[in-house]
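Following are the structures in question.
Heads up, the next two complexes both have chain A, just with different partners, chain B and then chain C.
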Partner chain A sequence: MYYISAASSITHQPTFQNVGFSAVIEPLRESSVLLNPDYKGFIDAGLLRRMSKILRMSVACAKDCISQAEIEQPGAIIVGTGLGCLLDTEKFLNNVLTIEGLLPPTAFIQSTHNTMAGQISLSIGNHGYNMTHTQNTLSFENALLDAMLLLDEHGDNILVGAADEAIEFLNEISGKLHFQLTHPITSGASFFILSNVKNVNPLACVKDSRAIGLVQHVGSEVHAFLKENELNAEDLDLVLFSGVGGHISGGVEDVFENLGIAENKSHNYLTYSGIYPTTSAFALHLAIDKMKTDKSLRNVLICNTFIQSNLGLTLLQSIEA
Partner chain B sequence: MDNLKEDLKNQIIEQLNLEDITPADIADDVLLFDDGGLGLDSIDALELIVLLEKYHGIQVINPEEGKVAFKSINTMAEYIRNRKVE
Partner chain C sequence: MGVRITGMGIVSAIGLTVAENLQALTESRSGIGPVQYLEESEGLLVGEVKMSNEALRQELDIAPKGISRTSLLGLKAAKEAWGDNQHNSRLRTGIISATSVGGMDRTEDFYKTYLGNNNPDFNILKTHDSGSTTERIAAELGISGYINTLSTACSSGANAIMLGARMLLNGKLDRVLVGGSDALTKFTINGFRSLMIYDDQWCRPFDDSRSGLNLGEGAAFLLMENEKSIGISGNKTIGFVNGWANAADAYHQTASSPEGKGATLAITNALAQSGIALSDISYINAHGTGTKNNDLSESVALTNVFGEHIPAFSSTKPFTGHTLAAAGAIEAVFSILAIQHNLIFPNLNYQTPIVETGLNPAVTLQSETPVTAVVSNSFGFGGNNSSLVFSNHI
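Up next, the complex of A and B:
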């Protein structure tokens, strides 16, 4: 069992430092914008001036988590990102195309995927395990699995999270990325502190997580996952999914119906997060927040079927379960 | 007013994205890489090298030159003037 002792998200919803947000959020509108906090309260001005959106979000969430968990330092920093630091990548590539002679170094340095984990480390002076996972829509699940494996071996209070940022160009290439634009493309970061020790006020437990590529039949995989965790479909109190239809094995809603999960127990979290590759991290925070306010929620399944061939499954349990 | 020094201050603010700093906040003799001054770092040093080529057509080949030239706005202006005479 892996205990979550802190959760922090910056998204297009009022998620940041807002316990109970799940009760007030509404489906995302086309005109929604990223709800940024005042980053100067979290990041030194000397570092802030260089940071793009994704770095600001990540560092602020990381520091918020550390503060919530009341720890000095996390034992490790593990980050998942589907597309990395797109703003700096775009800026650097534009520089390559338009500037003759020397190129400004900052955008290049900060365009790499591991900049988020690196900047978090620099911001808090952490010298522990520092890892970035980038496996498209399963990046967060892989980061979470890494954290769980690390906790099984040693270490404690692992900072694990995910972030992605939107740029206009993504709308042009959404087909190539296999994004079905049923919702607007958005930006978001969600971070958590994971521990194998039950601290004073844990928020919830991660019972298990799975990242499956080249999936053929979602229903069979979900069934097997639940069985391994000694649960039946009817034991699930809530399912948060990211299906967008047209799945190999049929619409994801059909999968849950076939498993006997009532329609009112399953919700498409993309309605609230918008579209980015690591929205399952948003779903985890959404589930935690719902469990905090609704004690009847004991077993929650996050089913990430955002892209047809990828399946991410995360089973969350209440502390009381 | 020395136009070159004023231009340099504006160029540094833009190139280094120095939020909340105006040219008036940068004294001609303030140490650019000192925490008591602008607190610039090694990445900023690279950006200043790019700045000199971009705005003034000057390439800093010898790193030792940069150490002296980038001390302050005064030394940067002096370095630019000397290089343009060569």
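Up next, the complex of A and C:
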């Protein structure tokens, strides 16, 4: 069993340092914006000026988690990101193709996918295991699996999270490629502390997680996952899933129906998070927050079916009193 | 403790197969030269893979469009490592690749057309994200399930090997292809130039006159299997990965600490985990990029760990160039070759020791003494430091 002892998210919803947000949030509007906290409380002003959106979000969430969990240092820092530091990548690419001669290096330095994990380690002086996973919509699940593996080995108090940032260009791509997205493209960061011992005030447990690339049969994978965890579909009190279309025949809603999961128990979390590759980390925080306020939620499944070829499954359980 | 390695594949500036790489290493033949394939300023020194995208596609039998050079290189190396192995429903097979640029080579082509308002093909961007490069390799090899990509800058390849070993030891997979791939891009070349650590001359790791790196490109993969998998495949073990460690330097986003804190931790912890005594290490394949900062910091770390008795060491980057996320995987293949053939590879271009540390790398090919255990270092941006220990025994 893996205990979550802290959770922190900066998103387009009022998630940051706002326990109980799940009860008050509404479906995102097209015009929604990232709700930035006052970063000065978390990041040195000199550093803050140079940091892009994704770095600010990540470092602030990481520090918030560490303070919530009341620990000095996490044993490791593990980050998932689907598209990495897009703002600085686009900026440096633009410079490479338009400016002759020597370029300013800052955007290049901050363009690598591991900048978030690196900046977190720098800002807290952490010398532990430091890793960045980037596997499209399964980046967060892969980071979470790495954290669980570390806890099985020897680690403790793992800081694990995910972040992705939106740039205007993504909307242009989406339009040109006729994605017909049903939710706005957004930014978000969610971080957690995962531990293998029951600390003072654990929020919930991660029972199991799985990331399946190039998946063939979503229904049978979900069924097998539940079976391995000795659960039936009716034991699930809540299912959070992701789907970008309306109801499509053969889509995830049909899969749930075939498995016997009641329609009123399942919710499309993209309605609240908007679209970015690592929204399943948002879903994890959403689930934890709901479980904290509603004690009837004992088994919660996060079913990441954001894109057809990838399946992420994460099973949460409430903490037994 | 050790995890069995049963296959390997590589494509680099010095060869398109394991055999070609070994031959170039033993002949001290570098693959660094003036840029030929990438559209860059004339005379720029790079370690290019001597094969065009077109030739790679033909050899790999890939349709003409929709694949990045990073995927092509990765697929070529992964296919060599995979060899004649068959899929088997009783074996859980995974793939972990590493890349820092992903499909940036194609994104650059797209973006140039886009900036020129020349009706760019937005479909090209579907190969941009790093994860898609691994998905493509997995799809071509028929691997599904655990497909993962790591991106920790220049230490990525080593981290893929580390994660694969952990997945096997913890019973999460039965066999796994681990490695990394990075194509040369304008993005990275100009990035290292902007940091003023791109040497216009041939790089000189561990030499006092060193003044930067030459970028290279390439890919390498290892096939690792547990006992159950070997029972079914019947594959011969060619080496073991015995120790691994990853530590954060937490000093600066791009520079290594002068006291080599992260590097010292990574080497020390990897050795401790391997259970192999310091005195039993035959060779160190250093990160040795040729930058002032890395080579000094790494020399200090080697001294911190080994004191007066530093084993024979060399950087093979004057052969291949710095291949970023592929470097850890390429140098893992070199480490296995060193063990298989009792070789210590020369550190080309070395003349004068670094004043502060005075260390002398191996300068000629050594083939007289047995090589039984090798440390391979990979250090990167963001303070990501990783070390691996390979040997000929479990």
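Convention: the second predicted complex is superposed on the first by the 308 of 321 C-alpha atoms of A that agree within 3 Å, B and C clash if a C-alpha of one lies under 4 Å from a C-alpha of the other, contacts with A are read in each partner's own complex, and residues count from 1 in each chain.
The criterion applied here is as follows: contacts are C-beta pairs under 8 Å (C-beta built on N, C-alpha and C of every residue); 3 or more make two chains touch, one makes a residue touch a chain.
Bear in mind the structure is a predicted one, so any value in this text is a computation, not a measurement.
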When chain B and chain C are modelled together on chain A, clash or fit: fit
Which of chain B and chain C A:V200 touches, first, second, both or neither: neither
First, second, both or neither for A:V33, with chain B first and chain C second: neither
Contact breadth on chain A, by residue count: chain C or chain B: C
Contacts of A:V24 with chain B and chain C, given as first, second, both or neither: neither
First, second, both or neither for A:P105, with chain B first and chain C second: both
Partner chain in contact with A:G46 - chain B first, chain C second, else both or neither: first
Chain C versus chain B - closest C-alpha approach in the superposed model, Å: 7
Set intersection of chain A contacts, chain C complex versus chain B complex: 102-105, 109
Residues of chain C defined as touching chain A within the complex: 100, 102, 104, 107-108, 111-112, 115, 122-123, 125-126, 129-132, 134-135, 138-139, 143-153, 159, 163, 166-167, 170, 172, 186-187, 190-191, 193-196, 246-254, 261-262, 265, 380-384
List of chain A residues in touch with chain C within their complex: 77, 82-84, 92-98, 102-105, 108-115, 117-119, 121-122, 124-136, 138-139, 142, 146, 149, 152-153, 173, 176-177, 211-216, 277, 309
Sites on chain A touched by chain B in the complex: 45-46, 48-50, 99, 101-106, 109
List of chain B residues in touch with chain A within their complex: 15-20, 39, 41, 43, 46-47, 49-50, 53-54, 59
